[in-house]
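One chain, subunit A, appears in both complexes that follow, with subunit B as partner in the first and subunit C in the second.
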Partner chain A sequence: MQTFKTVFITVLIAATPVDFLIAQTPEERGLEISLAADQRDSGWKHQTSEMEMILRNRAGKESRRKITNRQLEVNGDGDKTLSLFHEPKDVEGTAMLTFSHGLEPDDQWLYLPSIKRVKRISSKNKSGPFMGSEFAFEDLSSQEVEKYKYKFLREEACGEFECFVIERIPQYENSGYTKQIAWIDKAEYRNIKVEYYDRKDALLKTLELSGYNEYSGGFWRADQFEMTNHQTGKSTTLLWQKYDFESDLDENSFNQNALKRLR
Partner chain B sequence: MEQFAIKWGKWVTQHRVLTIILSLGLAMAAASGGQFLSFTNDYRVFFSGDDPHLLAFENLQDTYTKNDNVLFVIAPKDKKVFTQDTLAAISDITDRAWETPYSIRVDSLRNYQHTEAEGDDLIVADLYEDATSLTNTDLARIQDIAINEPFLVHRLISEDARVAAVNITVELPGENEATESPEVAQHVRNMRDYVEQTYPNLDVYLTGIIMMNQAFPEASLYDMTHLIPAALGIILLLVFLQLRGLTGTVGTFITIILSILAAMGMAGWAGIRLTPPAMSAPTIILTLAVADCVHILSNWLQKYRGGMGKQEAMAESLRINFSPVFLTSATTAIGFMSLNFSDAPPFHDLGNISAMGVMFAWIFSMTLLPALVTLLPVSSKKRRAYGTEVIDKFADWVIRKRRMLMPVMSVTIVALVVMIPRNELNDVFVNYFDERIEFRTDTDYVVDNLTGMYFIDYSLDAGESGGISNPDYLAQVHEFTEWLREQPEVIHVNTLTDVFKRVNKSMHGDDQSWYKLPDQREMAAQYLLLYEMSLPYGLDLNNQIDIDKQRTRISATLETLSTTNTLAFEQRSYDWMKQNTPDLYTTGASPTIMFSHIGMRNIISMLGGTAFALVAISLLLIFALGSLRFGLLTLIPNVAPAAMAFGMWGLVDGEIGLGLSVVAAMTLGIVVDDTIHFMSKYLRARRDQGLEAIEAVRYAFSTVGVALWTTSVALTAGFLVISTSSFTLNAEMGFLVAFVIMLAIFVDFLLLPALLIRFDSWLMGKPADTAEESAIAQPA
Partner chain C sequence: MRMSLWSGLPIMFLLLSGYPFLLFGFEDSYILELEARVYPIDSDDPARFNDDAAVSFEPEWRQTFNQGNTIATFTPFGRWSSRDSQRRHTDVRELNVLHVSDSWETLAGFSKVFWGVTESNHLVDIINQTDQLEGFDGEDKLGQQMIRISRSFDQSALTLFVLPGFRERQFLSQDNPLSLPFPIDNDSPLYDSPDEQDHIDFAARFSGYRGIIDYGFSWFSGTSRQPDFVPGGDGRLIPFYAQIDQLGLDLQITSEAWLWKLEAIRRDFENDASGEDFSAAVGGFEYSIYGLADGMFDLGLLAEYHYDSRDDRATVVFQNDLFAGLRFGFTDAESSEILAGVFVDQDDQSTSFRVEANRRIFTDARISLEANLFSNVDPGNAIFYLRDSDYLLLSLEFYF
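Here is the complex of A and B:
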């Protein structure tokens, strides 16, 4: 799969001048950019990171959560993620395992240390809020190319970058969104901003990513995700740190048994 | 003053065209502000920005989510909700409800997140999906789940399974208040039309905060299109009968229309958003403006038909009426401006618009009216003014019977005044709208058949982050919930403890004996996490749990209660909490609470307003009458009418709502007009012409008696028209004001003359035998 993508991209890029001549459609251009972005973020194999989540309500109150993430890149399917919750204290040691897929619903399990049991989560509902935050599962899970239909809209400046602006229409069932508009920087194909539109096609949330650092292998990761809900006035900040691509992880670190072993 | 009045009268009658142009210019400039006017559609306008109960409710909504909603209620004609067809319709409605502008949440039977154990897993899913594939067994099972689920029953499904609802929660951005709420209402009304057309078996009823908001402009519009024309017709008919001529009637019509337009335009310039109370201002202005016109025109016609030239007669009329018309307008305006003491901003608007209208009426009746009518043809045929003979006979009777009238009237006044304490503060805010407004009839149906419109939210604080999972806290929340459910007023309680119990049961293989609260903190927190992870978009628990998981919101739906009963219930809940769950003790917040408290707050603040109006008006009178003693005497006919009216109200009805709390202050400025006209004529006779008290009374009756009676009838008629308003606050206010005005004319005619004669020597500041001489010497 990976090889296919590489070839596909290479051909596409090589064919670009010709493409202009045969009038590429906005849909084709959108897909091309998304494939290129996916291509650039391929090959990292596995990573670990620490995440702090800061929730804010309209009254200005804040609440914090802490989570450690481990991710495994899966060729030909969505990534596998293992999240270990540290805070709030009441859910310390709770761990979540996600096998994300393209159009198929993700598989998810939650390990509850209080009863020492692994419970499968009804997987259709991935549009609900993640731990009471403004992020839904579907915002955080791995972004496979086939999850959306794309349409290139325009190019424009976005903050310090020059961006492609692309519309993405979810193709998987039970999404909370009718569409997303993503700003992707032309230099490194990183997500700079995403707007989420709800079922009545009204702007629901905006995600802004900042503090991009380049890690070994040429992978870019943002330090900060800022999600603002325009309808409720609530917002959530994700602060990422200790990105590590060198840790010792493999398939066996991502199964139900591994959930219980996590500390 | 007199010199100025003469000059004014001359100038106006000699520069008629210029006067008309200038007045029209002023009217247009003011009226052009009308372009900024719009109807408000937010119940919150009834509360000032610093209303403590409004602030508490806003804070609660900021901590969780907003409560603004539309309850889309469907009643199948076959009285069965759990059929394939009706459930399919609910699915359809649910999907369409999501397209409602500003919707953030939709709750229905379809998307109720039912939990079930499946092997070792927790399944959280819609109660049903494809309704057309449901078998009778499925339908029975779904019905059984629904009517036994405390979250649903009495809220989204009636206990007898005959009526169901879809609740749409919206979060209005508040960027364009004029359009947001109507957009939502329009969408759900289109949905209703669609549903009634597509599913002929279903009747639809719409209620909720948004529909209530929408009822405000609808009531305003109803009043505008029905009450204003009716009042205008009645008043003009009365004017026509009094003046016996078309010219004067046309002049009056133009004057009052311009006064209304100018006042409403000024409201636009001032940025006032129109509310039903403010919309009674046009009717009030037209009713009050008439008095100025009648006084000026009747004196003019009198002089003209007595042989003076048109313009000369008008100049003379303006001279005579200059002071009393100004004084009455000023006192009326002061009375209305005292409404600024009210706690409910719509009454500020009502007061300010009316006060501006009254002052515009004064300006136009001193400028445009005389200039216009003297340009128009008018019959100079002599006519004996209607009712003059009657009033003269009446004056004789009053003077003859004065020794009897004084004690009888005094006793009557005292007897009624002592009844004032029988009044109690009471209001039912859903009933602010009468049955002509759709919101009211729909809400009545919903309250009778499904759920309540009233609710109180309690934000229960566990005292620490994550504390909502603490078993001690949960046990207390549960106790409070159970207590609420035992209360006869309570229809439904939405509480997190039900969620904990349900999840706990499903975590134990759906064993009913596990339908109880988890007994360990970590376990409860982790169950909650698992459950929250399983919820779809828009059906999360963020409306019940704050972000720190330190507080939960309990929402109690109540039946429709009067404010007294609401306040009693509120107090009972606080007392119970202090006694039984002191750690949770908090105050409730909701529109129900807000409306229940504003009545009392308003009465207290309007006492201040009434006192202000009384002092200001009395000082003005003392100054105008040139006598402290006469000024003090007028307190009796000025204060007695409102006091008597409230005493009478105590006997007949006894319930005082928001609308009635402004009546005393408002009427003070109006009833004082009668006193001013009567006293100014009396004093003219007593002081200038040196007549004795008895003769002066006769003179006063003869010169202004008929006009006072006519204007009182006109005012009463005008306010009785307001009493037919579709907005109960206005209707009650209109009725009581009409009543006060009638009482005022009785006091002025029956008691005031007796008082003037009886206390003449004290009033004139001399012993009785020398009163006559000194009165001659006294400067006017």
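Here is the complex of A and C:
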């Protein structure tokens, strides 16, 4: 997607005289901000990270998951992701390989270490919970510009930042949301907060991202995601560690052989 | 002895190599399982036992070297049973070194390989001997000695196997309700090949995907993992392992919530006297409905049909049988799951049911309850010997 986006944004900027900018519709402005955010987060090529997930039910009872992620940026398509589960221990060694394709269905394989089996699985379950957490599969999937229609709502302060507030309407099939409202900081175009509205257009969840660090190449990553479900009172925290953009990954780190040998 | 020697190896490597910075990491994990089984139906055979308590232990030690491009794995396995002396066994599931270099992957040692896509039978899967002492579903396997070389391409992979040596199938004791209905000589099997269990087998597999299609073509030439039986002098039956050539195909189409699956094999016996050449297939679908009961669970509907050209219901279990199943996958934090399935022979309506429910407990353990029932079993059916072998199995697996 990157090539398309680069061309698109270049054309957009080049062909947009200042007075026309003022006459922009909210939809154009929303798209422009989203393209700029995407542009700033392009070119990282590959990354690895470790994620700890803390699930909390309404009574405050916690359970934990640990996952190692590796990602490969793909020019002209969605990213490739390989996730290896460490905890709970009964799923240790289970791994998932995802080739995301924007609006088209993703290709997804699951590796079951106990019987050494790789299974192609359906990626239709976008709105289902990821490992029993408050994050749906679609919340953690590769975010491509084409997956939403955008609308600029306003500018306002959001915590310590000044933010654009953008409405995003999912264009891919099987989403659990009618819309998302995203707060994106004006300085670095980072997601600060996202509200998710369910199919009845009621507020379902709020995601807050914090602890942003800048990594080599100018890429910003949050080390904490806090997702609160307003309808069930449950919440999930993601703690990210060991972001690495320098690792030795290539196409061969994202195929079925790689999936099987992780464990 | 072997275990302690092996766990010392990484340290020896570290000391001898002088390149400790190449050392990537040591990982260990352990599975301890406790199981209790009851067979509620009294049979005519007074020697048969009606319950069994058993324990198994499976450690896994992994050491990665060379920036993670070389991985050594050792996974021994041991089982103790209170009732069945045959079930008291150990095995080396994995003892191998894997090396990765760009698109090449090479493995030498004992390992386990799975081929296939279907759920109710695994026709194409042939590299490893089935561990008959462990499971009823054929998914437990003995470690197989192999040299495996694999080359990955853009959307496919070619894998070649040299399999120097054969693992014999082991059989349950005669007093086990799940044992075959005749005494078996476990010690001196017969072979087609004069090399017996030292025969070197070969196999190859080309697999990959294209859009919504996943495919695998496989070839195997060597000692059949599935024995035939010949009468021995002492009234016991002796396992006989033929030389075979087998071609396999597995195919899956993944379209939205539908998974369409097919496995087919053609098996030719190198010696015509050793067996009748045959073809077999299993095919069907799995359809998933997500987020039922306000997102509480997902439901999978499965159906698979089994065909075998031998059409002999007395010796071939899956020859004209239908499998139907339900999978309830709950979205709770304990990953609770219920699987229920039924096999029905289309010739004589012999039926077997299986229900399995499991969930996570104590953070890192799983509890599971399994019931197997055989009903309406026809005297001419290959599972007639199991007609009184219904069982209930409670197991607890600890992971640490």
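One rule holds in what follows: the second predicted complex is superposed on the first by the 243 of 263 C-alpha atoms of A that agree within 3 Å, B and C clash if a C-alpha of one lies under 4 Å from a C-alpha of the other, contacts with A are read in each partner's own complex, and residues count from 1 in each chain.
The criterion applied here is as follows: a residue touches a chain if its C-beta (ideal position, glycine included) is under 8 Å from a C-beta of that chain, and two chains touch if they have at least 3 such contacts.
Not measured: the values here are computed from a predicted model.
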Partners on subunit A (subunit B, subunit C) - clash or fit: clash
Which superposed partner A:T178 touches (first subunit B, second subunit C, both, neither): neither
Touched partner set for A:I121, first subunit B, second subunit C, both or neither: both
Touched partner set for A:T206, first subunit B, second subunit C, both or neither: neither
Greater residue coverage of subunit A in the superposed arrangement, subunit B or subunit C: B
Which of subunit B and subunit C A:S42 touches, first, second, both or neither: neither
Partner chain(s) touched by A:R58 [first = subunit B, second = subunit C, both, neither]: first
First, second, both or neither for A:N69, with subunit B first and subunit C second: neither
Subunit B versus subunit C as contact partner of A:Q231, first or second or both or neither: first
First (subunit B), second (subunit C), both or neither touched by A:T94: first
Superposition clash, subunit C against subunit B - the stretch among 1-9, 127-135 or 289-297 that is involved: 289-297
Subunit B/subunit C common contact set on subunit A: 55, 57, 63, 88-91, 115, 117, 119-122, 124-125, 127-129, 131-132
Residues of subunit C that touch subunit A when the two form their complex: 29, 67, 71, 98, 100, 102-103, 105, 112-114, 116-117, 139, 150, 152, 154, 157, 207, 209, 214, 252, 254, 256-259, 288, 290-291, 295, 298, 331-335, 360, 363-366, 397, 399-400
Parts of subunit A lying in touch with subunit C, wherever the complex brings them together: 55, 57, 63, 87-93, 105, 107, 115-122, 124-125, 127-129, 131-132, 248, 251-252, 255-257, 261
Residues of subunit A touching subunit B in the complex: 55-59, 61-63, 85, 88-91, 94, 96, 108, 110, 112-115, 117, 119-122, 124-125, 127-132, 136-137, 174-176, 199-200, 202, 230-234
Subunit A-touching residues of subunit B, taken from the complex the two chains share: 59, 61-63, 65-66, 98-104, 120-125, 171, 173, 465-466, 469, 507, 520-527, 529-530, 532-542, 545-549
